[in-house]
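In what follows, structures are represented as C-alpha cells.
Note that subunit A is present in both complexes that follow, paired respectively with subunit B and with subunit C.
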Partner chain A sequence: MHITLNLSSGAFAGEIKDISGANVFDCYQCGKCAAGCTVGGYIDDTPTKVIRFIQLNQRDKALDSRTPFLCAACNTCSERCPMEIDVAKIMESVRILALKEKRKPERDVAVFSELFLGSVKTTGRLFELGLTAGFNLMSGQPVKDAELGARLFRKGKIAIKPAMSGNKNVKQIFDKSEAVSGSSSKEEKAEH
Partner chain B sequence: MNYGYFPGCSLHATAKEFNDSTKLVCDKLDLELKEIDKWICCGATPAHTTNQELGIALPFANLQLAADQGFDTVVAPCAACFNRLRSADFEVKHSGYTAERVGYITGSRTDINVRILHIIQLFRDEYGYSRLKEVFSKPLKGLKVANYYGCLLLRPSLVMKLDDPENPVIMDELTNLTGAESVPWAFKTECCGASLAIPETEIVLDLSKKIIDSAKNAGADVIAVACPLCHANLDMRQKQIGKKFGADYSTPVLYITQLLGLALGIDPSKLGLDSHLVDPYPVLRAKNIL
Partner chain C sequence: MARIGVFVCHCGENIGRTVDCSVVAKESAKLRDVVYSVDYKYMCSDPGQIMVKDAIKKHNLTGVVIASCSPLMHEKTFRRAVQETELSPFLCEMANIREQCSWVHEDKVLATKKAVDLVRLMVEKVKRNTPLEPIRIPVTKRALVIGGGIAGIQAALDIADGNQEVVMVEKSPSIGGHMAQLSETFPTLDCSQCILTPKMVSANSHKNIKLYTYTEVESVTGYIGNFDVTLRKKARYVDDSICSGCGICQEKCPQKKISSEFNTGLGKRPAIYIPFPQAVPNIPVIDKERCTYFKNGKCKACEKFCDRNAIKFDQTDEFINIKVGAIVVATGYEMYNIGKNNKNGIKGYGEYGCGEDPDIIDSLQFERLLSASGPTFGEVKRPSDGKVPETVVFLQCVGSRDKAKGMEYCSKICCMYTAKHTMLYKHKVHHGQAFVFYLDIRAGGKNYDEFVRRAIEEDGAIYLRGRVSKIYREGDKLIVKGADTLSGSQVEIAADLVVLATAITAQPDIVPLAQKLGVGYDKYHFLSEAHPKLKPVETNSAGIFLAGACQAPKDIPESVAQASAAAAKVLGLCSATELEREPYVAKVYESTCAGCGFCIEACPYKAIDNKAIVNRQGKLIKNVAYINQGLCQGCGTCLSVCRSKSIDLAGFTDEQIFSEINSLFV
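Right, the complex of A and B next:
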C-alpha cells in the first residue's frame, strides 16, 4: 500500500517549523523522547505520536492533545533525540498555536499560565500568593493547599503584598509581544 | 569585580533562604553581588509556552538593564531564571530575525554582551575550587548528600553549557569540598514537574516521591538543590507525599548555598535552615555538624 503525503506549504508542519525551527520530518519515530518523558505516565499521546500527527497534517488531533499542556518543559527529549530535533520546542509550538485558537485541552494548566502572566504584567514580578489564591478560585478548589499555605505563612515564606519592580517598560513588553506574535508571517521569516 | 545579581521572584518570597544563604556565602568569599535595579520576572515556563516573543523579551530586558547599569556578568541562583536568561541570550544571538523583534518589543538595543552565570558556576569558575577548599572552616564530615540537579539547570546543554546533561558533577564536587560525601544516585537529573506543581499537583507528588525515594535508597541524609522550584516540590510537599503514599517522608532538602554556608561557619539560622518544612536540624545534630 502506498500513502501519499500532501506536504504543501500550508501544511501544519510548516506552522510548527515557523515557531520552533524544527523539521518534524527528521523524526523516524524511534520513541526515545517518549521513553524518557517526565510526564510519560500521565499523557495519552506520547511526544512521538504528537509529532506523527504533525507529520500527517492532523492539525486538530495535535492541537487538542493534552500532551503539550502537560509537558513540563524539562528538555529531556530534546537532549536525547538522535536526530537532534528540539522535541520540547515542538510541544511548546503546538501549545502556543492551541492557545491562539483558544483551545485548552488542559484547562487548569492554561488558567495557571494566564494568571501567572497577568500578575507579572501588573507589577513586573510574580505575586505568588495572588497567583495561588486566584488559581484556587478559578479552578473551583478554594481550599487547595490551604494547610500547606498556613505552614508556609508561619515560616515567613509568604509575601503578603505584591512585589513591585518599579519598571515602567513591562506593560509595553507584553503589549508589543502580543502584537508582534499576531503579525507573524512566513514571508517575513523566510528572509532570515 | 561586582556581579549583577538577578534574584528572581521566588527568592524574594518562598525561597528567601536561597537568597539569604547566597548573599551570606558570597559576602564571606568577597564576591560582590549587586542587585540589578528594576529587574522584572523572566516569565518562567508560562511565558515561553504561551507567546514565544514574550518568553524571550522578558528575560532579555533584564540583560539590557544589566548592560545599561554597567554589569558585564549576571548571576542568577534560580535555575529557571538562569535557564530563561541564557535561552533568551542564545536566541537573540543566533537569529537576526529574533534580535530585531526583541529590539522592537523592549525598545532597547540587542547587541549587548553580558555573561550569565548560575551561582554554582560563580563558585567553580570565578572563585575556584582550590581557594574554596582553603576557606571552609567547618567540615561537614559524615553527611551524605544526594545532589539533585533537575532539569532547567542543565538542559538544553548546548545553551546552558553548565555541565554534562546526563551525569553532571558540579554540585557533587562542591559538596565533596565541604567534607560531606556526595552519594551516587539514579534520579539526579530527573524532573520534579516544576511548574506543574499548582495546576497538576498529583503528578508532582508522584514525581517528587520517586526522587526522594531514590535519594533515600542511595543512603542520603539530605538532598541538596540549586533551584527554588525543586526545593518547593521536594521540601514543601513532603507531608502531602507522605499522606498520599501512606509513609513517613522526612528527608531534609537544603540549598547547596546553605551547605556551603555551614562549611564556612555561618550561623545556621541566618542561612535560613529554620524555614524549611522538613526540619534539617535533627540530622545535622546527629552528624555533629551543629
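Right, the complex of A and C next:
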C-alpha cells in the first residue's frame, strides 16, 4: 500500500467533524475499537485504520473502505474508547459521504438500506416480500431463498400484499428528517 | 532631592527589536529628578552591572530604575549589584519593558512610547521607596519527613547524615513502602529487599532519626524554619518499648484468615500481625476491626502468651507535638484499582470484569507472586487454582492515558516493570509464553531500552501494539480480545493469567494532608512543585519540599535522586541560624485600626491576630490587628478588606501606587 501525504488542507477530518462532531485527532491509535469490533471477522480495514485514513487526509481510502458499510452500529467501540471518541458515529459519517458521492464499496448494504427505508416510507411499515424480492433482483440473485420464502408463505409468515397502504405519521417522520438534512439526495435520505 | 538613574537594556534583540532603547534613554533623561540615563545591550552582564555601580557613585544616585525584563528574572541580580555600592538594594526597581512591552507588541513607535511610560511609573515609585530591612527569622534545626517509603527513607538518611535531626512519620505499621513489596528491580534485576532492608534498619537505628510508625500528621501550623506539628500516634495495642518482636502473639491469634495488605490480598494474616518478616520496627499491631477481643470482648490469646506483658488493650491514640524547621513530603502513590467500588471514585473496567476474576490481577500482585517472600514463595501460581500459568497476558496503560477513566497521564514506570515481569516469568516458567499489549514503549533512561529489547529478543516476550477490548472467562481459560494495530488485525489469546499494569494514582487521603501543609496539587491530586524545571523539589509553601511519587509517577532511581535533592535543600535551610525574607509585609496603623477583624478572616496565611492595647494600669484600650511578619506573604488581601485604610504593604504603599498612576496623566 502506498500513500502520498498531502495534509495541507486537512479538509477531510473537518468534513467528518461537521457531520459527527468527533475530532479524529483525539485518536492515538490504541486499537481498542478494532479489538472489540463485533464484525471484526468481516471488515477489511479495522476501525482504527479507517480513522487513521481520515487523520492522514486519505479521502479515497476511507470512502472506499468496506468497513463503514459493514459496521453494525453496535457502539461497542464508542462505549470503550479511552479517548471518548464516538467511533460508530464516524463510521456513519463516512457512509453518508460515500453515498453522497455515489460510492458503494459494499453495494448490497447500500441497496438493502435504500429498499428497507423506501418500503417503510411508502407503506408505513416493512413489506417483507417486496424487500426480499427487490433486494434479490437488485443484487443479482433472483432465486435466492426462494424455497424458504415459499415455506414461510405457506405458513402465513409473510404476506403477498403490504399490511398497510401508507401511513401519514411515518411519512411525516421522513419529511421532517429530509427537511432537517436539507438535501434532496436520495442516498442521504436513506441514511437518516 | 531625589537623583534617579535610568538604565535601559536591549536584552540582545529581545527588547531592542521592538523598542527603540536609545529613544527610551533620551526620553527618560527628560523626566523630573532623573539625572542620568543610558542604554546598553546586556544590562545584566558584568559590564552592564559595572555601569550601574559606577553611575551610582559618579552621579550620587538615590534611586535606580532598570528598564529590562521581569523582576522575577533579574531583580535579585541588580539589587545585589546596587547593594555593593552602599545604596540600599530596595532603592532599585525594575521597569518591565520585555514581557510587558517588547514581547507583546509589534508597533515599534507605540512600544517605545509605552516603554517610556513604564519607566516613568517606576521613577515615580522609586522616589518614594524606603530602604527596607530584610526580615530575619530563626530556624529550628530539625526536619520532618512524612512517609517511610524509599523516598522518605533516603531523604531522612541524607538529612541525618548531614548531622541534622529528623523526625520520620509513617502511617502504616512498618516503613519500607511499596519498594518492600517488589521482587526484583529494573534494569539490573537486583533484589528489591536486599537493597532496601539495610536502609530501613539504618533509618530506625540512626542517632539523628526519630521514627514514628503507625502515626499520622494531625495538624501543621507555623512557617518556614518554625513549623509546629502535631502527630497522632495511633494505638497499636502493643507497647513498643517492651515488645521484643518474638511473634508468638501472631502464632496464637485465632484469626488467621484476614487478607494481608502487604501481600495485596494474595496471602493471609492474623488479627495481631507484623506486616512482613523484615518489617521495621519489628513490632506487631492489633487490627481492631478484626480482633476477636475487640469484637466480642473475649479471647486475649495474645495477651496470655506474651511473656513480656506487652499487649495493652487499653492503649489510646497519643498526640505528639514537635517543632521542625523544614518538612519533606514523601507520601508516595497508590495503584489504581479497577474494581467497581474504586475508593478514588474513578470508574472501573466493566470490560475487564471489574477485577472480579481471581486470575485477573494487577502488577503489584504479580510482584508478590514473583517475590521469594511472597504468598507462593516465588513460584508463579495463579490465584484461582494454584496452577502454573503457561500463557500470561500483560496489559499496559490500564487506567493510564485513558481519558474516559479520568487519568490522561502516563504512569511512566509500567513499560519498564512489565518488561521485567515478562523476563522474571520466563526465568521461572521456561515453557511459558508472555504476551504484552502496549501503546508505546517508553523506556527512556540509562540501560532502560536495552532492558526492554532483552525481554523481547532473549526472553521471547511477544509485544502486540494495541489495547484489549474485552476479557472473559471460558472454562479454564481467560479469553483476551485485543488488537494488533501493526498488522491491523484483531487478536484473541486464551490465557491462564492476565496481569494489568494499572495506573499510578495519588494517595487517596493526600488532599487533607496537602491542605494542612498548604501545598498545591493538580487535578489528579499529585502534589505541585514550585517550578516544573528549576524548582522541582520545592513547593509554593516555603520550607516544604517534595520527594518521590507523591509529585508524579516515578521509578526508584528518580525517587531516590529527588529525595537526596530535598535533603540537600533541607540541609541548606538548616545551615543558617537565621533566615532572611523579603520585607514586603503588611503593616498596621494602630491609631486608626478599629479592630473589626475583617483582615483576620481574609488572611489566607493565618498571619493576622488580635492585639490588645492596654494602658499602664493594664486596662484594655482597644483591640487592633497584629501581623506576624514571619507568616505574612505580602499578598495584600488584608489591605483590600480594611475599612479604615489602616493597613499598608511595605514596598507597595498606597502612596507609591497612586503616584505611579498619577505620573501617567501629567
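As a working rule, the second predicted complex is superposed on the first by the 157 of 192 C-alpha atoms of A that agree within 3 Å, B and C clash if a C-alpha of one lies under 4 Å from a C-alpha of the other, contacts with A are read in each partner's own complex, and residues count from 1 in each chain.
Note that contacts are C-beta pairs under 8 Å (C-beta built on N, C-alpha and C of every residue); 3 or more make two chains touch, one makes a residue touch a chain.
Keep in mind that this is a model prediction, so the values were computed, not measured.
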{"item": "Contacts of A:I173 with subunit B and subunit C, given as first, second, both or neither", "value": "first"}
{"item": "Partner chain(s) touched by A:G31 [first = subunit B, second = subunit C, both, neither]", "value": "second"}
{"item": "Which of subunit B and subunit C A:K155 touches, first, second, both or neither", "value": "first"}
{"item": "Which superposed partner A:T76 touches (first subunit B, second subunit C, both, neither)", "value": "both"}
{"item": "Touching partner for A:D108 - first (subunit B), second (subunit C), both, neither", "value": "first"}
{"item": "Greater residue coverage of subunit A in the superposed arrangement, subunit B or subunit C", "value": "B"}
{"item": "Residues on subunit A lying within both footprints (that of subunit B and that of subunit C)", "value": "41, 76"}
{"item": "Subunit C to subunit A touching residues, read off their complex", "value": "351, 397, 401-405, 439, 465-470, 481-485, 488-491"}
{"item": "Complex interface listing, subunit A residues touching subunit C", "value": "28-37, 40-41, 45-46, 48-49, 76, 80-84"}
{"item": "Touch list for subunit A against partner subunit B, complex", "value": "19, 38-39, 41-42, 70-76, 78-79, 86, 92-93, 95-96, 99, 106, 108-109, 111-114, 116-117, 120, 124-126, 128, 131-132, 135, 139, 144-145, 148, 151-152, 155-159, 163, 165-167, 169-170, 172-174, 176-178, 180-181, 188-189, 191-192"}
{"item": "Partner subunit A, residues of subunit B touching it in the complex", "value": "9-10, 12-16, 38-41, 43-54, 57-58, 61, 65, 95-97, 101, 104-107, 150-152, 155-157, 165-166, 190-191, 193-196, 198-201, 203, 206-207, 236-237, 239-240, 274-277"}
